[in-house]
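Both of the next two complexes hold subunit A, though its partner changes from subunit B to subunit C.
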Partner chain A sequence: MSAAGGLPRTGSALAIWPALRRSGLGPGLLMLAVVTGLNIALQPDFFSGASLSGNIATFAPTILICVAQAVIVLSRELDLSLGAGVSLINCVMASLPQDKVGGPLGVMAIAILVAILLGAVNGLLVAYAGLPSLVATFATGAIWFGLALTIMPQPGGVISDAIGDRYAGTLMGIPVPLLIIAVAMTGWAILARHRSGRRIMAVGSNPQAARDAGIPLRRTKLLAYLVAWILVALGAIAISAQTLSGDPRLGTSYTLASVAAVVIGGISLGGGRGTPWGALVGALVLGLVTNVIYFAGIASSWQEFVKGLVIVAALGFMVLEGQRRA
Partner chain B sequence: MTRQLTRPLALVGVAILLLLVGQALLPGFLSLGQIGNQLKIAAFLGLFGLCQTIVIAAGGQGLDLSVGASATLGGILGAALMQGSNGLTAPALLAAVAAGGLVGVINGIGIALMRIPPLVATLAIASVVDGGTILGVSIAHPANSASPVLVAIGGWASAGVPNIVIVWAILGALAIWLLSASAWGKRLTATGANPVASLLSGNHVTAIRIAAYGLSGALAAFAGFLLTGYVGQAFFGLGDPYILTSVVVAVIGGATLAGGRAPYAGVAAAAIMMTVLVSLLTALAIGEAGRQIIFGLVLLGFLALDRMMKGSLRMAMIGRRPNPAPPIAAASSAADTPRGG
Partner chain C sequence: MAFTRRGFTSAGLGLASVAALGGIKPSQAAAPVTIGLSNGYFGTEWRDQMIDASKTQFAMYENQGLAHKLIVQQAGPDTAAQIQDVRNMIRSRVNVLMIDANSATALTGVIHEAKRAGIPVIAFDQAVTDPYAINVGIDEYDWGKHYAEWIVAQLKGQGRVAVMDGVPGHPAAVARRTAFMDVFAKNPGIKIVWSGYGMWDQAKAQAVMATVLAATPHIDAVCTEDGMGLGIMRAFQAAGRPVPIMTGEAQKSFLLAWKKERDAGHDVHLFARSNPPEIGRTAVGVAVRIAAGRKLKPLPDNTYHYPIKVEVTNDNLDQLLASVADKPDGYFLGEYLSESELDKLFV
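And now, the complex of A and B:
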């Protein structure tokens, strides 16, 4: 990642820069390079194995949830219920009798099933009932939050240590969080080359043309929601593996983070332009900014302000860059 | 005119029905004091709903999620400047409203000039304003209590009518005139309905949108200032409960995110209806969880109702089955503004 981020400064990469700008990923990568540089400056052992895998374990949920939002945004919709959905999935996981549902695998399977159900509800409301996604998913978000509070009025419950141990461990020498991200991104890469993935992009970039071309709009949008919510399930499992308990407010901040990451990643909120890779870059930028603020020893009263300024600066940068591109 | 009044009347009807249900289940729910209290709470919700009504009408997926931050800023800055003194209340009010207006203008510049989607722009600005407010408080440790005059305006009643409700009634009447009868209101809704046509017919679309967000920020800070009087003191997070509820009442009141409509009578009625609903649920000892779920279901119900009515209206107009495709335009952001190049 850092190698790619350093590209604009090397001579041979000048030819790649216009291509990056066309993809909309250029500014995001530049920002990633800057925050990575700051991280390295503040934290000399940034590239040590322990530090890297710790960072990846922390960032993985954000990345997965941001990529989920990206898939929905690409289809020209939005989902403001992702954060509450993460909380609900987490509370369901923590309230299950861990041993009676088939151990860790059973718990995770139930988490994915719950996510698919939530995604189906959102997808049906938006695609089939024709409700505006912004308000409809805001409404379902309130419902998910209410359900999470019903299951677990206070933080509590237990998630089996086995899930936590597996998440912190490695598989074939690769840290499990990295593997989850790799699987998710590979899954999208395959889907994007498959007819269904191309349809999601087509519906997002020009719905009228897509319909004229015989693409089933409603089914395609529903599919986008289902794909996204499987990613949300993975994200919720990854957070739960770190907290090992339930919290009805656990996911709240992810909704807005996911929208910000999508914008930083150069994905047009108007749909159809950008790739989920952009959301990955955006999520990394957000995570590394938090790191920088933490490691720079900035007084806590300044943290919110600095974070807000960084996001505004990122937005301004994105917009100016985008207008130059147009 | 009759169609414009249908929704407000229906919403007030639902509110009365809820009050009667409350009285049947819990005797005393329908007392005059109770109704006054509920109108007080509705007044604040209604003021924040006005912010959303204006920016939603401006179109381009208009939305102002910084109303909470502006209100908190207005309350904290106002309390800091008035230092509990009656004499300093008016200048403090002016400063608070100006600060909120400035936040709104910055929002408007980001949205109308830089073409950042409103949802993203106002959220980002909100995080800066919130961060700046925390920072300011931690450095200056300002006074945070409301002056006696402000407490009287925010919390007391004159001749049985809460003062804040009088303020809301006056502002609401002004808003209805401004939005539906004044020349500026016509330009605002024309801009929201069709920015290109509005531009071609000589309206300064960018200036109108910036003014809409400026007005929203100023109103939010004003509401936050009054809220300080109602609660007695300003604190961080003062305006946060209104961020999303203001959007909800605007949508229930008949504002459509596609823009071009500014039905404030409906939004005001929706604020009353939602307040009664929440207080009924609270009185019935339905906790936060149940309230959230019912909240979401009510909002979904109103969205579906709107959708059905739009469908049947179109059917009546065209005389055939409505087009089965979903309204994709409703989801696109800023697609209605011509992009450079």
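And now, the complex of A and C:
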């Protein structure tokens, strides 16, 4: 099999193309270029500091949650409870007595612990109990949502301004949301070079072969869930830093957005093929589409329509790619 | 609570003196006013009518040269999407923001961003907790109180009442429910035989009430609020039971069903109070004036409660139905502040 076999090699500048195709990132990057170009054309101050940092602050939670989904999808599973998990973490954060748990750092530490717990439950159900992830995480999602509603029957609570201010600020001149994304992606890059990260990919691309090679299937899938939910915690903290309050429905839309971003990013839903960078690209595309629609003055009711088109187009690319490989 | 609004008041003081005499009238030199309207939930008859009403009011000001552009964005139930919408509006430098928020608190962060950008914020329909925003809406508690008090009066303080609410956890539903329960608690003769939720959805309300009816043989009255009355009435009819003393919504479809019931010779005791989607018109009126630099008179808790005028009873049913003869069945009775009433809110 040669991914680049059918491509005419017209010059060295195109040498990057086969690599892109192998990663599945090509169509996603193309879409990203198009929506970024449109956004720049429609919004003259796109590159202004305020605009860029506003965009990053807006997109960061989605990016982190989409990358989380990507890690799980790469292990050939799915998690439909991410959005409800974000809501639950957010409600926990907003209902904590902020001063009594060690201030912002304590609140964030608890958020991460809760996320790890949720990820462990999902991971155990899927990897060890052998439940199909689609159904199991759909069910746990309902449980997370129910718990969120129990903790916080209506939107309210307080998340300390300190978290919000820090999120909106910069560290060493770099916007904090950008730093969080950089840390997350670096973390994945390190993991991917490590044995555990390679195992996640191996388990996803061919579970049988991975098992034959002596890779512990269950432990690896559980690891994928745990890694993903740490990213979900970061995403939940990032959105909570913007709403500064709790809302049991806050995360609802992230579940589908994360699956969409994974598809746009060229990550095979069958597992094993693609990279979390694809989900980052997918999340950016989804976010920028919304901006383009706004600045083009198109009625917002078209947003979902256009996003749907983008996802269908991404799926189409994927199918074409699959046929070409076959 | 003191009215402390910075940023735009000082910029507008000069204009305000000009404006004081003749309606809004900002000076001709004023920059064209752009309003950013961010709505949460949409696709319901109420919200659609609210957006249409806002556009109607805006068109009036546009014709008078008082406003230049109305940007409408509807985020749906997704708070993150609404945050993004509001950020985009701030970035495109609208002169004033109108927000119908999904939650009283979740937009706090982005309202702070508007404050930093010096853009006034009017939270209409759904009140928000952040003190920078000016709330324009109805008093949900008082609204619910009227409903419950009407029920108590009809029952002369004695009877078995079923209570159906909207969405659990929604601030308006919580306020109305609290009002219901407060009023009923003061009347020991009132026994609440059932209470639950119909999600502000006629079909859901009908299904829930059908179940309740099967289990509850004796119900004297149903206290419900907004958007579920028709479903409840249909559940009673489908069960072959007489329509009880009940409250409902000031929506044409409910009023038509009411009239049909009455014209069939039944003894009907129904009540509805308007919860006008035209609050959008009132809010646009406030927004345009603020953008023109006019200063609101001090408001308690930064909140203006629209004084509801229309209540539907057997006495004015026909007259009110005639007034909306050309409207679709989903139409809610509308009312809003006139230009002179709006002017009275300002210094």
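Note that in this section the second predicted complex is superposed on the first by the 297 of 326 C-alpha atoms of A that agree within 3 Å, B and C clash if a C-alpha of one lies under 4 Å from a C-alpha of the other, contacts with A are read in each partner's own complex, and residues count from 1 in each chain.
Convention: a residue touches a chain if its C-beta (ideal position, glycine included) is under 8 Å from a C-beta of that chain, and two chains touch if they have at least 3 such contacts.
Computed from a predicted model, the values in this text were never measured in an experiment.
A.B. asks: Answer with first, second, both or neither: which of subunit B and subunit C does A:Ser205 touch in the superposed model?
C.D. replies: The answer is neither, since A:Ser205 touches no partner chain.
A.B. asks: In the three-chain superposition, say which chain, subunit B or subunit C, touches more residues of subunit A.
C.D. replies: Looking at subunit B versus subunit C, the one contacting more residues of subunit A is B.
A.B. asks: Where does A:Ser53 make contact in the superposed view: on subunit B (first), on subunit C (second), on both, or on neither?
C.D. replies: In the superposition, A:Ser53 contacts neither subunit B nor subunit C.
A.B. asks: Figure out whether A:Gly308 sits in contact with subunit B (first) or subunit C (second), or with both, or with neither.
C.D. replies: Touch partner of A:Gly308: subunit B, not subunit C.
A.B. asks: Can A:Gly141 be said to touch subunit B (first), subunit C (second), both, or neither?
C.D. replies: first
A.B. asks: Thinking of the overlay built on chain A, is A:Leu217 touched by subunit B (first), by subunit C (second), by both, or by neither?
C.D. replies: first
A.B. asks: I'd like to know which partner A:Tyr294 touches here: subunit B for first, subunit C for second, both or neither.
C.D. replies: After superposition on chain A, A:Tyr294 lies in contact with subunit C alone.
A.B. asks: Just checking: does A:Pro153 make contact with subunit B only, subunit C only, both, or neither of them? Give me first, second, both or neither.
C.D. replies: both
A.B. asks: Under the contact definition given at the top, report the residues of subunit A touching subunit B in one complex and subunit C in the other.
C.D. replies: 149, 153, 301, 303-304
A.B. asks: Which bits of subunit B are touching subunit A when the two form their complex?
C.D. replies: Residue list for subunit B touching subunit A: 61, 63, 110, 114-117, 119-121, 123-132, 134-135, 138-139, 244, 247-248, 251, 257, 287-297, 299-300, 303-304, 307, 325-328, 330-335, 339-341.
A.B. asks: State the interface residues of subunit A toward subunit C in the complex, per the touch definition above.
C.D. replies: It comes out as residues 43, 45, 50-51, 54, 57-58, 61-62, 149, 153-157, 164, 168, 239, 241-250, 252-254, 287, 290-291, 294-295, 297, 299-301, 303-304.
A.B. asks: Within their complex, state which residues of subunit C touch subunit A.
C.D. replies: 42, 71-81, 83-85, 87-88, 90-92, 102-110, 112-113, 168-171, 174
A.B. asks: For a test of understanding, state which residues of subunit A touch subunit B in their complex under the given definition.
C.D. replies: Within the complex, subunit A contacts subunit B at residues 76-78, 125-136, 138-143, 145-150, 153, 207-208, 211, 217-218, 221, 256, 259-260, 263, 269-271, 301-309, 311-312, 315-316, 319-320, 323, 326.
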